[in-house]
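First subunit A sits with subunit B, and in the next complex the same chain sits with subunit C.
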Partner chain A sequence: MIYREAGQFKSTYASDQAVFPILQDRVIAGLVLVAAVIAVPLVANEYWLQAVLIPFLIYALAALGLNLLTGYAGQVSLGTGGFMAVGAYAAFKITSAFPGLNIVVAFLLAGLAAALVGVLFGIPSLRIKGFYLAVATLAAQFFLIWLFNKVAWFTNYASSGTITAPPRRMLGIMVTGPEATAPVRYLVALGLVALFAVIAKNLVRGRVGRSWMAIRDRDIAAEIIGVRPLRTKLLAFAISSFFCGVAGAEYVFLYLGSAETLAFDINVSFLVLFMVIIGGLGSVLGSFLGAAFIVMVPILLTNAPHLLGLAMPVALQKQIELMVFGGLIVAFLIVEPHGLARLWQVAKDKLRLWPFPY
Partner chain B sequence: MTLRRVMIALLVAAVVAVPLAGTVSAQAKEMFVPSLVYRTGPYAPSGTPFANGMWDYLTMLNERDGGINGVKLVVEECETQYDTKQGVECYERLKGKSGGAVAFNPLSTGITYQLIPKAGVDKIVVHSMGYGMTAASDGRWFPWVFTFPTTYWSQASSVVRYIGQQEGGLEKLKGKKIVHIYHNSPYGKEANPTLEELAQKYGFELTLLAVDHPGQEQKATWLQVRRLNPQWVYMSGWGVMNQVAVKEAAAINFPMDHFIGNWWSASEADVIPAGDGAKGYKGATFHAPGTAFKVHADIVKFVYDKGKNIGPKDKIGEALYNRGVVNAMYMTEVFRTAMAKFGNKPLTTEQVRWGYEHLNLTEARLDQVGLKGFTHAVKVTCEDHEGSGPVLIQQWDGKKWNVVSEWIPPMKEVVRPKLEAAAIEEGKKLGYTARDCSKEN
Partner chain C sequence: MLDLLHAVLVAPFKDMAGSPTFLVEVLIGGLAAGLMYSLVALGFVLIYKASGVFNFAQGVMVLFAALTLVGLIERGAPLVVALALTTAVMVALAFAIERVVLRPLVNQEQIILFMATIGLNFFLEGFGEFAWGSDVKKLDVGIPDTSFMVWGVQVNRLELTAAITAAVLVAIMAVFFQRTRVGRALRAVADDHEAALSIGIPLNTIWIVVWSVAGLVAIVAGIMWGAKSGVQFSLSLIALKALPVLILGGFTSVPGAIVGGLIIGTGEKLAEVYWGPLVGGAIENWFAYMLALAFLLVRPQGLFGEKIIERV
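For the complex of A and B:
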């Protein structure tokens, strides 16, 4: 009923192949975007923006990147944290070398640097598959973190080894650095993630995405029908690392403000992989849902006892949070192994028939 | 259907309870004191005693005196797991709560680095007591950051002075080998520039050995130590890294009385796992260990006997517990300093900052608060947010820590110029300008 498509006729190829072919989807997507751009900065306080929404958007971008690689091209990667670190350190070096450069351009250049590194570490994927590839990318993670810790050039010889986001303006408005307000940083992160989501969606619907999926589903068959594994796999690594690199740069410049290598340790790689799995492998929407789940649920659980007026020791609260969160992950994976995106799909199918299901 | 009813009931309860929860405080004479703690995670052995010390001292003031000059302290803990992301989340959550937080004690160099840029914008004091960014001790560049009673750089210079004393004079350091084993993080690296400069000045051979987080694996590090065969080892460790290092040192039969930990590497939790092997291990500190002070008696009487405690009673007086006490005491003495000028009412962040900057904690005052002989006097000024405090060396005898040295002053003539240069560099990174201290009141 709510999702009824009856009466929506497509008279052109363009409308038939649109990202959102159904009117209801277009309306919902439009409303969400308008709410995110206009309502959220007006309504949300600094805590919500700074501690919840900005990390959510940045993690969503990283999850989107990993989803292209793991969900669409079928190459398991545990190097996400390392590729994000490449983006962050590259952005830091670029902004300190070219202080006048537009910060978004710096982010994109940092993404390019990450893409190069990603291609380099993607080369073994031509020979090794599955779990073995995961181990190989794990090596990338450890090597990159070690490198940034070891070589002082990356931090401009800062004695503490931290990189700090320098104050930078865009169109006269402070975007990074301590003076940048939370709404501005939120909007920059939102703009980038929206742009990259559109790019990702169109990539996976086109020739590139189809060749990725062919490789994922059966690489030998794909090779026989003319998909070149070398180019396809490396392209997946490059684009995925590009997304992760931009996310890493944002992570330091828009969210943390300053960071050490520990901010990109193996836990980040696992976290992003969990986002992809929980959100739904091979789904753009799933990347967002997964990021929302992993970022927001712990914060909700941390605040829940207080909202309910229960006073309990913080250590106990943290332990309960970890247990409930772990339990929720297991529960969701049992209920829907294909992730939150699949749940949304099921809900949509039900809404189509509502209120007369059969 | 019953499950659904329960859910509805819970929802209704939540909707009713939320507005109630918000209206409890924000009235009467109260000040909100946030406390970032880590009682869980890999660093909990170090974080828990500190959090207990802080909690107990503040609770004791509330119970014994009704707060500070009639202003009750509302303490709220927030768990960070020593993780910078969770630390930032805590900071954002607590900074505007219950009339606003006036000062943060992050107890993590990583979180301090996050908060330093925010502090100046939000106008909230960050007091990183003996940790954090040493360069931020120059009050002209970083008005909202305080590092007293002393910093890693001063500490490193004091330890070198102590090693010189043991060797029979600083000139005897020439040709000696000293190894610095450090946690491979901003915290651990902090002392390196000072040690490098002192190595040049006194001609000792310095080797820097990094240990990666969390530091459970140090076989390679100690193999290098054995190969180098240094006269002295200095360590900047934290959490599980410390106990592993002490065990490894004992395993290669390194003379433990030539192994000195900095003040975050010398607590009970660090030495007990190594058993008898840890005997003789030394550590720096800026306050005495033990419970032989009036404050501890008051804490037992007003907190533990009333059941307001979080931690167990037998842990009172541990090295890190006492550090929590001294941190809380500094903060409350700052509040008193500010109240003496602005009146006995809840303070604003500006007033608290003034209090930090004009803190003059004399020996007489330490006696009054029940901490005579516990720590040394501290005087903070507009230029100097560090105080250049001296350190003590304590030694583990297998059962407890004993102080084995006089107060050892830092080499201010070496540290301060470096610090001022670093402050300019770090301040410029954030787009700051120096203020003129002669114009401050």
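For the complex of A and C:
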């Protein structure tokens, strides 16, 4: 960065292995967090919170989950939407069965349910890998969506087939349901995603993350040096699905308010996969950058004609949006296949030496 | 419990034995649907074989080909001219894809190339709609969608034509791959990129050829699908149905694509008709994947796929 780490000596292992080893980085991270907690709810209006920030945080959590699985453990999954649906429906069933339960606890339990399902659908990964596995995870996607559509028990026999977030309070404040204000929902989503980002960061630099990366880089070699593939892969599926499940529960409870299975169709899986790839495979920061990118691009594309003063029919706008989106993805992969996280790294390295590059 | 077992294991077979003509009709319907999947899967296999790219955009290429054809016919072009123009468009598309997407991404990991084709998928979908409009169109190629009776069994003319077309297509491709110079080069590239390059096979040309051939297969598939169910955007979803066909047949095998398609098509129809009512129907959406998944557990490389040999 523009600041230097000169003079900051690491005299203990703890300081050497800190997440942010440089003082300035710690300060900046702290400032960002403070700004996100205090300034954003005060400054941002309803539209920004509801249309941009809340989906961004939720997608970031899902992307984080998928990144653990695909980026770190190397198992490509196209079932993210399905696992998110498990989280959403589990949260719905849990909150309707235990009305007094704390909503965050309900989210976590929903995550556990998703983790169980994830392990179940992760079992084939022991036999197959690569694209075969990707296609196999599509089975999870289609089967789960079908299941939630067909079995009325999941929606409490609602004739419309939708699940609706029930009004729930936490510390006396309405957190979900129609009366919950956008800033409150934003803060809950922010808290959860921050917590899980810290957990993910610590997972991937610890023993678990290293065994994941060993499996990703060369599974047979990893097996030979004593990484147990069964446990490692299934753990990756479990934790990844846990993250996705919590994200799915938030998606309905904090963002949409009510949803049917359509909200979790195959496009969601692709969207989250895009976030991971564009953000950067195998990077916690990348999940956030990718989610921000994918959430922002359609909004920009929708609003750009208005800003330029062009009136455009909705259909044409949709088509152009698809084309630009597809084109952007291809262009992005060509320019930087390792994603936004790598771009950020490169920029940081350049800035570190700036203005004297040698 | 016994009732359940009876309903799952015995009753469907009783039904089958009860009316064999109906069973045959279901089987034929399944085979026909399977052939359609095969036609899409064929395009996937061609591209995967020659370039190692898992081309997610194949389904949209089918749609795009059909849209172009219908659009040209609607603008008054005779069928033959429209067909020729569509072919030209698909070849041009192959050139463009090779130049814009593949060449800059040489030597990238497979997942990156796969993502690029998903981007391509979005782009083509938007572009197709942009160029030809988004309403459902009827594609009429002069084959009536009617049935005739053979030994008391209904056979659909269109499906029969599709079957014959697919058979001819596969035969042509087998000859092309085995007997021609370009076909040999394609197989060489599929075997080993670097070795092929070192004996002077131009990789870029091969890619253009293979994407063009996949484009032609897409036209055939597009015509068949379009004639059957109209040209509409749900067509691109059949690409997803082609995926279990692929894993069943093996990513690298042309016969695998055909046989896999037939198995998936019939299995799906049989399951839907005989077992579907037990769980409320509409199991067609995921049954193919489950079938492929179960199969993979036994044979990870698919029916005809190359044996996966792993080294450290």
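What we mean here is this: the second predicted complex is superposed on the first by the 355 of 358 C-alpha atoms of A that agree within 3 Å, B and C clash if a C-alpha of one lies under 4 Å from a C-alpha of the other, contacts with A are read in each partner's own complex, and residues count from 1 in each chain.
Following the convention adopted for this analysis, contacts are C-beta pairs under 8 Å (C-beta built on N, C-alpha and C of every residue); 3 or more make two chains touch, one makes a residue touch a chain.
Everything numeric in this text was worked out from a predicted model, so none of it was measured.
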Fit or clash - subunit C, subunit B, common subunit A: fit
Quick check for you: in the superposed arrangement, does A:30 touch first (subunit B), second (subunit C), both or neither? neither
Would you check which partner chain A:315 touches, where first means subunit B only, second means subunit C only, and both and neither mean what they say? both
For A:258, select first, second, both or neither according to whether it touches subunit B, subunit C, the two together, or no partner. first
Should A:306 be classified as contacting the first partner (subunit B), the second (subunit C), both, or neither? first
For A:130, select first, second, both or neither according to whether it touches subunit B, subunit C, the two together, or no partner. second
For A:270, decide between first (touching subunit B), second (touching subunit C), both and neither. second
Report for A:21: first if it touches subunit B alone, second if subunit C alone, otherwise both or neither. neither
Overlay on A puts the nearest Cα atoms of subunit B and subunit C apart, in Å, by 5
State which residues of subunit A lie in both footprints, the one left by subunit B and the one left by subunit C. 146, 149, 315, 318-319, 322
Okay, in this complex, where on subunit C does subunit A touch? 54, 100-101, 104-105, 108-112, 114-116, 118-127, 129-130, 134, 240, 243-244, 246-247, 251, 279-280, 282-283, 285-286, 289-290, 292-293, 296-297, 300, 302, 310-312
In their shared complex, at which residues does subunit A touch subunit B? 45-47, 50-51, 55, 146, 149, 159-162, 164, 166-167, 177-179, 256-260, 262-263, 265, 299, 302-303, 306-309, 313-315, 317-319, 322
Touching residues (chain side subunit B, partner subunit A) in the complex: 13-14, 17-18, 20-21, 37, 39-40, 44, 48, 77-79, 81, 84-85, 88-89, 92-93, 96, 109-110, 113-114, 116-118, 120-121, 133, 184-186, 189-190, 192-193, 210, 212-213, 310, 422, 429-431
List the residues on subunit A that touch subunit C in their complex, please. 76, 124, 127-128, 130-132, 134-136, 138-139, 142-143, 145-146, 149-150, 218, 220-221, 224, 266, 270, 273-274, 277, 281, 315-316, 318-330, 333-334, 337
